[in-house]
Each structure stands twice: as structure tokens, then as C-alpha cells.
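Two complexes are shown next, each including chain A; its partner changes from chain B in the first to chain C in the second.
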Partner chain A sequence: MTLRVSVEPRARPALAVRVGVPIASLAAAALVGAAIIVVSGNSPLEAYRTVLDSSLNGVRPITRTLVLATPLILTGLAAAVAFRMRVWNIGAEGQLYMGAIAASGLALWLPADTPKVLMLAAMIVGGSVLGALWAGVAALPKAYFNTNEVITTLMLNFVALYFMNYLIFGTVSFWRDPGRNYPQGKLIPDSAELPIIHHRLHYGLVIALIAAVVLWWVLRGTTWGFELRTIGDSPSASRYAGMSVSGKILSVLALSGALAGVAGAIEISGTLKALDPRAVATELGFTGIVVAAVARLNPLGVVPVAVLLGAVAASGAKLQTIGIDAEIVFLLQGLIFLFVASGEFFLSNRLVVSSTSAAMSQTPATEAAHE
Partner chain B sequence: MAAVGETILEVRDLNKSFYGVAANEQVNFDLRAGEVHGLLGENGAGKSTLCSVLAGLYRPDSGEISLDGQRVSLRSPHEAAEHGIGMVYQHFRLVPSLTVAENLVLGLKGQGVRLTLRAVETRVAEIAEEYGLSVHPSAYIWQLSVGEQQRVEILKQLYRGARILILDEPTAVLAPQECEKLFEVVRHMADQDHSVVLVSHKMEEILGHTDRVTVLRGGRNAGTVPTEDATASQLATMMIGAEHMPEAGQHEPRRIDDAEPVLTVTDLHVTGDRGTPAVNGASLEVCRGQIVGIAGVAGNGQREFQEALAGLRPATSGSVRLGDRDITAASPRRRSQVGLAYVPEDRLGTGLASGLTIEENLVLKSYREPPHSRFGVLSSSAIAATARTLVERFDVRGARRQMAVSLMSGGNLQRAILARELTRSHDVLLAASPTRGLDVAATAAVRGHIRAETDDGRGVLLFSEDLAEITELSDLILVMSRGRIVGSYTPETLDVEELGLLMTGAKDHGAHQDGGRAA
Partner chain C sequence: MNDSVLVLSIVSAIVAGTPILFAALGEILTERSGVMNLGVEGMMLIGGVTGFWAGVQTGNLWVALLAGGLAGVVFSAVHALLAISLRVNQIVSGLALVIVGNGLSSYWGTIGDAPLIQSFNGVQVDPILPEALRGLPAVGPILFGHDPVVYLSWLIVAGAGYFLYRTNAGLSLRAVGEDPAAADAAGLSVTGIRYLFTLVGGFGAGVGGAYLALAVLGTWQAGMTAGAGWIAVALVILAGWRPWLALLASYVFGALRTLGFTLQIAGVEVPSDFLSMIPFVVTFLVVVIVSANPERARRVGAPASLGEPYSREAR
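Entry: the complex of A and B
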């Protein structure tokens, strides 16, 4: 008799499993993070207390967390909608830059006394359109020549980054403030700033929350969302059902790019107030991929996950004051991603420990694995 | 090593079943040194199971395997290789970005840390020379043609010391000239005292290139004969079985003389995945109230033909008409709207989206139509209502509302597909292997639904590899071989022996051009 551990697929995991596995994954991430903090010569307890204090303890920490979570919700949605159809848009980063360029450009170009509502609408629409077009650059060859969108969207990030840098650092462009010696973006007028909810928390959060709810409903309750889910689930069945896959690739990537573009517009309007390439290029688009993955591509799940990662990010500056490198923040985010992604396996499978006699024949499932 | 003609491999009373379905029952098989032994049978006859057991991939439920008179157990492909048994699969197991020599040593034990590829290449060149397998050892796999890749697979087995080589339908992927070359190599190997098991369902290959032939039917032995004593018709009868010979007038063919054609295919040409012609000028007609069955061995263009009819694959020339409408270039959605129902062979993945729920799958073709949606907004209550009705009417069991359909059984999957396809307004049902893998009850239910189609004046085009199913249901039986319709029978004129010969390509009527309508 030998003990055998085999893996079996789970039908639909029980609620306890669906809640328990992510929590266990977070705990595991915290534990490994603690070990690394110890190795770096610091106290993990102190570090985690600092993280909690500077992100959740009090109104100011909470507003800071939510301000950081706002763009992550939008880039998380951008990744989630594309990934649901198995279109791997890795380009939210660049699409966000283009959204920021469009929004700041419109804010500077439109008369400063334009009514706030019109100004903000123009910035958000402009940001989403340029984000969508930027995604479209990768979507067209994907839809009609089946190019690999991972590579094209990833490469376009660099193009967008260097374009944004050029506008401020490389030339005296329309975006650059000519009155300063150090290259800097022009400040947008007051009419282009998002109104404030409390302290530094702006209404961009509300826009992001509305986007999450709307996207959740679109995926669930519209024919467009139904087609997207069907194509993502089985391309062959969707063609059989008469759906147009290439048309869908265009619209999904456009929506994904638009969401990232809105994130860029809101960063300009709510937080940065000027096109400042170093402040825009903070990997919000890439972190959105982590957010979407941890949220299991569920638009409503994106919100709490973005807040969680926002909280970790909010503590970066404070951690430095107690002598821990700010990089530990990225490390923690990475660990969370790693463990939650591994936890995924246990959501769809379970380990079965059984004792079998060695002479027993193999089950067909394990035989298939030999092939 | 055994002398030529001595039995080197013997299989006694082999049993193997999957999920309670017997794939091999009491199978006996013996192989002599230096012979080419044909293994003939229809799809699902158990050839692949037997070979996979010999190759160590499956373990038998019971039965004995002896090599050189010694009982052995082959618990893994590695153990089989140690006993000198090597198998070449239809789908090659080669890494495209590595060279021939690198592929040969891939996974071999005892290589040490440093690869001595130079030595490998020298040895490979020697073996290649010896057996007439012209392949350059340092070429990359991706640079090679399919025929060359197959030679690499054979080389791989020889390099690993195989003296028994199993070739699983080796010519399925080859062009005719490459086939000739392969058989030269096979003969060469036999001359060098190797034994070759040649799996095939093509009669002329078996007759032309083997020394003995074992026929399997329904997982059991149908006989082993020396090839020189065998005739094509004898083998065809063994393959298909006398009990499948329907008696004349087994069922009343529906009279179709005055019926109007509802599906007309004229001189259709379709290109396959590999860019080669798959359907070469097929013509047929299906009338109202008629079931037309297409018999044939898999891989003779049936899949491409179905896909072209369903709009999933473009036709290179020819036309398809549904009633008065030309639908040759219509989209799958358009075809569905004008009255083509399609039950594809691949149920989970094409017929149904495996990760969606039963409700979503039941409206896969009608989700854009009211009441299921209006202005792009789905009505979950209308969808649930439709699903409830269909599930009840077609007796789909085992489905729960939020559950993915992939967890349902095959019979219920097929019921779900039929429920969706047959309740949409349609004139023609295109059904591909509709009962394959189903249990008795589900098979009866599916056949009942297909028969009922004709009562309502619809036409059915049925593709099946199961000859019994074709003969039981069809009013007109067409035979497809090499992308053409090569024969046409009514139940009264059916000659199963001749049909078997046509199916296996042993006999060619020449392209059958009378439009498929029975004389």
C-alpha cells in the first residue's frame, strides 16, 4: 500500500473555499514578505504596523489609499475586460500615458473659463479616445493578421513613454511650461481640476466605481458581454454560433484602452494637475494587470483589490522613514500576486490523498497526463 | 535476437476499458521477427488502444504480453523502449526549435551533463544510411517537411534501439510520394529483422505493404490472415462485420420522388488545414423528408465538408443552396437564420461553450433575438424560461443553473445541442457523428429526434463513421472517400461489401457525379 496524492478538478468551490483561499494566500504573502524584511535587517512587525498606520488608520491615510487606488481600479478594469476574452492587453501603461497627454492637452488648449463640467467631460472623453486609439494600433493587426498582442501592446508602452518624455524633456512643446528652467508641464487651469470629496480625495474615485459597476453589468447583462465571454471561453463555439471574433477584438481592445486612458485623464485632473512624465509613469498600468488577476477578472472584485494594493503603495514613503526601502512595497505587491495566482489552482482543483495498492491500474486521468 | 519468422511478441486475452466502455476485449495478437504486420479496423475498433498498451502508455486491465517467450509488464513508455518497442504517433513529438540530433537524445537517460552531439550526429548518420532514412542530423525540425519529420520519429526509435516499431496511421499526414518512400523504409527495416506494426484503415496500404494482417472490430479480434491469401472484399467484410449487413427492406425508405430538394451541393471544392484539397468536387441533394447518410472513414474530407456547409470554412469553388437560396458565401449566422441546423461532431468546444452555463448555451444562437435580448440588453428571465422549456422537452439531465456545461455527461450535452438546434426554425439538419460515445438510451433518443425531423418535412444530412447508424437511419447512403462522393445506395440496393471497399479506397468508382440522387 502506498499513499498517493492526486489532483482532481473541483466543480464549483464552496463559499468557504472561495473566501478562505484568497485570505490564506494573502497571509502566505505577508509571511514570506516578513521573512524578507527580517533578512533585510528590519522588524516585520514594525513594517506591517507602519503599512496599516499609513494606509488605513485615520481619515488622511484612508484618503491617501483611495487616491492611489482610483487609477488602479480603472487600469484593473482595462486589463480585466480584455483578459476575459483572452486578449492580453499589456499596454494599459502606454494607453494611460496617451490618456494623460490628451487630457492635459485639452485642459491647456480649451479656454480656461470653460465651464468645469464641459472641461472635465472633454478631458475624460479625450483621454478615453486617445487611449482607445492607442490600443487600436495593436488591435487592428491582431484582428486582421493575428499578430501577437502581447508583444505589440508591450512595445507601444515604450513608444508612448518616449513620446510623453519628448513632449516635456525633449522639446518646448505645447505641454511644457516655457517659464521654467527645469523642464516641467504647464499647470492646468482650475476649471480642469476634479472636485474634491475630502482632503485630497477627488471625484475620480466615483468615476472609477461607476465604471466598475457598469462594466460588471455590461459583461453580465448585454449581448456584447455575452459574446465577449463566449469568445473568451471557446473561440470555436463562438464562431459556430455566428459571432464575429475579429470585430470583437477591435471593440474589446478599444474599451480596454479607453478605460486606461480615463485613468490617465483622472490622474492629470485629480492628482497631478500637469503633464509630469515621472509622476505619470509609475507603473499604474502594469499594476492594473496584477489587480485584474487577483480579482479573477471580475469587475466588482477589482475595487477591493485595487484598494488593497493602493494601501500597500500608500505606505511606501512612511516605510522609508523607518529605514525600509520603498522597493519593499513593490515586493509585497509582487508576493500578493504570486500567492493569489497560486491559490487559484486550489480554487479549481483539490488534492486528494488516497492509499492504493501498487498493482492497481492507473486511472484514465493520470494516463492522459502521460501523453 | 530471434530468427526471422519466429514469434517475438505475443499478446494474450488483452482487456482494456475506459470509464466502463471496453476498448479491447480478449484481444490476441502476435508479431514475428522481420515481418510487417498490418492492423486494420474502423475508427474505434481498438487499434490505437492495443498499440498504446504495447507502447507502455496504457496498462491493460488484464491479459498477458510476452516478448521472446518471456512475460513482461510494460508500465511506461520508457519500459517499453527498454524492451525494444517504439511507437511513432500520428502527431509527432518533436521540438521544432531543436535539431534532429538534439531531438533524438531529448529525454534519454545516461547522457551525462555534457551533450556530445557530435557523436550522436555521427551515429544518427550511420542509422539513417543503413535504413535509407535521408535526414540531416543537424537540421532544425522546423525546417523539415512532414515526411522528413516522420523519418526523424522513426530514426528516434531506431536510435533508442527499437526492434519493434509501431506506426500509427503513418500515411494519414503524408503526400502520395512520401508514402512510397515510407514504405520503402518499412520494407528495409523488415529486411533488417525489425518488426513493424502498421496501423491503417486504408485497404491498399495493407494489401500492398504487409506480410500478415490482423483485423479488429468493435474491440475484438476479427481474424489474422497472411496478406497474400487475403482479398480486399474479405478484409472489408471482416472489418465491417456480417451482422452489420442490413437485410433488404429493413426499413421502409420514404418515397421522395416528388419531393423538392432542400439542400443542393454542386461540385464543392474545399481546402483543408494543410492547404491541400480536402473536398474535391462533392455534389449531393437532400430532399424534404429525406435522410441522406454519408459513410466514410475519418479523414476523407468529411470534416471539411461539414465545415464548408456550416460556413465555418470557405469553399474554394462550387455552390451550396438551401431551398432557393445560394448560401455558398453566407456567414454561419446567416445560414442559421435561413434554416440550417448544425449538430457538430465536437460537442464540448464547438457545439457548446464549455465554461458557460446550460442556460447560456441553450441561447447560443438566439441570444440576439427577442425575447432573449432587446437593444443589446439580455433578459435573464426570458433566457431562463427558454432554458427550462428546452431542458424539459429534450430531457436534459444533470444541469444546474450556475454550473458550467463541461461537467455534464456526453448524452446530456448532445441533448442540449439538439434542443437548441431543433427548436430553431430550420429546413435542414446537418448532423455529424451524433451518437458517437453515447450510451444506449442517449443514442436511441438522438436517433429518435433525427427520424422525427423527416416527419415535419425537413431534410437531414447525416455524417457518421458508424455504418450501422447510417444504414439504420438513411434513405440514401452516400460513400465519401478522398474528398469525393464515390458511391450511392438506397437501402434496397445496399451492398455492404462493395461499400466497405469504396470506403477504404480499395475500389474506386471514379468520381460519382450523378448528384447523389439514387437511381
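Entry: the complex of A and C
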């Protein structure tokens, strides 16, 4: 008698499963992360205590976590809306750079005594427009030639990165501070800075939260959102039903790029205050993909997940002081992504373990249960 | 004449193209089985850091390349488990490999008393053919001046082409990628073949990463691939899933990646950021052009079941 493991689809997972699987996935990621920390000669308990301590223990750590979570909410939404239609926008990274370039450019170009409201509106609109246009460069061939958008959006990330580097490191551009020997972006005026909620936490968080709620409503409560979800589930059936799939590809990628562009604008206005390529290019766009996947593409789910990954990111500097390199942050985020992705399987399937003899006698019953 | 700009730039293009070639050959075989592994960048990075570490430890090029290849196999096994058995979306699973590979390799590079980012290349990568051949005008450096790994890659290109089109095993592989249900009915193990060639692809990417760190760069740097893995993925499309076209395309991209160096010795001044952009702009344009013509897009021959999980029950 041998044990046999078979896979059976789950119709609709029970609440316990829907809560339990993601928690088990996070626990598995933490365990593998711990194993790697042990192998590299450090104490995982100390590491994880430091992560909790430096991200959630006290007002300062919490504000630091939320500051880091703010762009991740927006890039998470950018990925979630596109992925929901199975349009794989891997280009939030580059769209964010473009948003940062547009927002810092506008802040430096508009008169410094422009009213704050107008200035901030211009930066956010400008960031979203350039982000959307940059996504559009990949969206047009996707919509009309069905060009593989994974490749095109990814290539555009590198183009945007080198363009941003050029503006600061390659030449004395409009963005660069000519008064300094070391290449550095010009500081934006006070009127272009997002107001502060507390300590370093700025109102960008509120903008991100509003975006999450609006996107949630758009996906659930509007025709546009309904069509987007339908196309995502079955593109050919949607075409028969008379939906314009090409038009939807354009609008979804534009929205996705705009959200990433806003993330770039908010980073400039709320956190960086100048176009600093090294500080802009910190994989916020890629981490947004992790956020969206862990949140199962639910815009409201993106918020807590972004806070979780923001907390991990916030502990990077502190981990360095106990001798664990900050690179561990990306490793932990990647492991979370990997395990949550595997967990998807257990949400839609279950494993049935049975002994062979029993399985044989049960086969008709199982089949009947299926029908 | 062997010091001329043209000869030097062709030689450097071949060297720079070789890591991409290994990765692209592996990905061609993986995709021919119907599995798309976008994690090439991550597998190259983990292969690079493992190979570099093994090179520092042993000083042996072949051991280092093997170690890099095996690290790629381990990573691709994760993708195989997720994409083939657990039927996780292959794009999501591939991206996860990139992020984990980037994080793990960067972290590995910084740990210990003698971190890899401060270590020097431990292996010798020298030309193998006799001086007399290497000294020939033009063809000497271009054809005969390389290290053994470059010649190995040529053998693998020929071997992969022969395997795909002239052997029963190659036919089985293509059948699984084109029509898994028919292949299954004919008695082939779809799951087994997909697992095997996903691992083969991981080996190729790992070797490519190790060669990049050991022979092309000579040092370990976090994120040293700088998009080479993604170019390899795109190149599979450009090459129409054909090994010998991948060879050609790899060297073209090698040339684009070393264009800065070439122009510098030719005395042309172009901002380096724009030079770095070129391979990505060209890849973007070529992918769009290939897809713009539906007739051509069909003829280049993507495996019909590429990216779709197979389950006997769901037929």
C-alpha cells in the first residue's frame, strides 16, 4: 500500500484557506530567509527583531515605513490594474523615472512663487502624463501588432534609466545644479514640496490611498472596470461581445503608466526634493509588481502589502548596523513574491493524500462528487 | 591590421555576445518545450555569483562554469515546479526568479570576511589555439584568438541545431511545445520533457552568467548583467527560436554593448548614457518590427503552446 497524492480543484476557497494560505506563504518566505541569514553567519532572530524594531516600533519608524510604502502603493496599483487585464506592464520602473523627470522639470521651470496647490497639481499631472506617454510607447505596438509587452516595457525601463542618468551625470542639463562640482539635481522650490503630516511623512500617502480607493471602485463599479476584468478573463469572448480590446489595452497601459508616473512625482515632491537618479532608481517599480501579486491584484489589498514591504525596506539601514547587508531587503521581498505566487496554487487546488487501495475504491465516489 | 578598430571591435563583440548566447540557447530549448522562463536575468546573476565564487575557490575555469550552470539549474527547478506542476502564471514565476536572483546574488557578494565584491578573478581565461594561427591577418584574432569557452559555444550551437531538427529526441521536444495533448497521446511525458528542458535552460543561463563574471568582466558586481538576461529573452524571439540565428544575433548585441569602446578607439565622442541605451532601443524596435508583420510573426515559429500549462484533465 503506497500513499498517493492527487490534485483536486477547489471551487471557492473557504475563508480559512484564503487567509491561511497567504500567511503560510509569508511564513515560508521568512523561514527560507532565516536559513539564508544563518548560512551567511548571522542570527535570523536578531535580524527579524531589527526589522520589526526599525519599521513599526514607535512613531519615527512607522513614519519611515509609510514614507517608503507610499510609492509602493502607487506602483503596486500600476501593476495590479494592468495585470488584471493580463497586460504585463513590467515597465512601472521606467514610467516612474519619467514621472520624476517631468515633475522635477516642472517644479524648476514654473516660477518659484506659484501657489503651492497649482505647483503640486502641475507636478502630479505632469508626472502622470509623461508616465502614461512612456507606457504608451509600448502600448501602441501591443494594441495594434500584439507585440510582446513584457519585452518592450522592460527595454523601455533601461532607456528611461540611462536618459535620467544622462540628465544629471552626462551633461549639465536644466535639471542639474551648475553650482556644484559633483553632479547633483537642482533643489525644487519650497512651493513644490508636499506638505508634511508628521516628521517626514508627507501627504503623498493620502494621494496614494485615494488612488487605491478610486481604482478599487473603478474596477468594481464601472463599465470600464467590468470590461477590463472580462477581457482579462477571456479576450476572445470579449471581442465577440463587441468590446474594443485594442482601445482597452491603450487605456489600461496609460492608466498604469500614469500611476507609476505619479509615484515618481511624489518621490520628488515629498521625499527627494531634487532629481537624484540613484535615489529614484531603487526598484520601486519592480517591487510594485511584488506588491500587486501578493495583494492578488486587489487595489485595496495593495495598501497593507505595500506597508509590509515598506517595513522590510525601512529596516535596511538598521540591518547594516548589526552587520547584515541591506541587500537582504531585496532578497526577502523576492522570497515573499516567490512563495505567495506558489501559494496561488493552493488557493485554487487542494492536495488529496490517499492510499492506493483506498483511492481505487473511492474513484467513482470522487468522480461523482465532481459532477 | 590585427590592431585595427574593425578587427578589435568584432573580437570584443564575440566576447561580449558569448554570455548572451549561452543564455539564449538555453532559453530556446526551454521555450521549444512550451515553457517560457523570463527569469534568465536572475539565473544569470545567480550563475555569475556562484561561478565567480567557485573560480575564486578553485582557480579552475571549468569547475567555475559548471558551478554557475548548476546554480542556474537549481533556480530553473523552482520555475519548473511553479510553472509546470503548480501551474503558476509563467510570467509571474519568471519575474520572481529575477527578483530573488538579484537579491540573493547581491547579498552573497557582500557577506563573509573576504566578500566577492572585493575579490579578484581567480581563473585564467586564455586563448588555446597556436600563436601561428592567431597571428593570421583578420581571421587570426576573429576566428582563432578565443578562449575555449567560445569554441565550446560554437559546438553547442551546432549540436543544438542538429538535436532539434535531426534527432527523434529533438522532434519529441518540439512536439511537446507545439501540441502537448498530441504528444501526450503519442506516449511522450509532457511533464518530464518540460522539466528536463527547463533545467537545461537554467544551465545555459547559469553558464552564461558565470562566463560574464569570469571572462568578460573579471570581477563580481551586484547586478552585473545590467539587462543581458532580458536581451537574451528578446533575442530568442528575434532568432525565431533557431540556435544558429541566436549565434548571429548574440554577436550583433555583443557589438552594440561594446559600441562605446569601439567608438572610443575610433575617436568618436557620444555620451556614454546614449551608447548604453542602444541595445535596448534596438531590441525594442526589432521586437516591434517582427510583430508588425503577421505573416512574418507566424513564420518565425513560436512554439504553439508557449507559456500555457498543460494538464491532462483540462484538455
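Quick notes on this structure:
As a convention for this text, the second predicted complex is superposed on the first by the 352 of 371 C-alpha atoms of A that agree within 3 Å, B and C clash if a C-alpha of one lies under 4 Å from a C-alpha of the other, contacts with A are read in each partner's own complex, and residues count from 1 in each chain.
Note that in this section a contact is a pair of C-beta atoms (placed from the backbone, for glycine too) under 8 Å apart; a residue touches a chain by one contact, two chains touch by 3 or more.
For clarity, every value in this text was computed on a predicted model and none was experimentally measured.
In the superposition on chain A, A:290 makes contact with chain C only, not with chain B. Of the two partner chains placed by the overlay, neither chain B nor chain C lies in contact with A:322.
More chain A residues lie in contact with C than with the other chain of the pair chain B and chain C. In the superposition on chain A, A:27 makes contact with neither chain B nor chain C. Of the two partner chains placed around the shared chain by superposition, chain C is the only one that A:152 touches, whereas chain B remains out of contact.
With both structures placed on the common chain, the touch criterion links A:239 to chain B but leaves chain C unconnected. In the superposition on chain A, no contact is made by A:52 with either chain B or chain C.
In the superposition on chain A, A:222 contacts chain B only, with no contact to chain C. Shared-chain residue A:14: touches no atom of chain B or chain C.
Those residues of chain A that touch chain C in the complex are listed here as 36, 40-41, 88, 90, 141, 145-148, 150-152, 154-156, 158-159, 162-163, 165-166, 169-171, 286, 289-290, 293, 325, 327-335, 337-338, 341-342, 344-345.
Residues 18-19, 57-61, 76-77, 310, 312, 331-334, 336, 342, 344, 346, 349-356, 360, 364-365, 367-368, 373, 376-378, 380, 402-403, 407 of chain B are the ones that touch chain A when the two sit in their complex.
Those residues of chain A that touch chain B in the complex are listed here as 11-12, 221-224, 226, 229-230, 233-234, 236-243, 361-362, 364, 367, 370-371. Listing the residues of chain C that touch chain A in their complex gives 38, 78, 81-82, 86-89, 91-93, 95-104, 106-112, 222, 227, 230, 233-234, 237, 271-274, 276-277, 280-281, 283-284, 287-288, 291-292.
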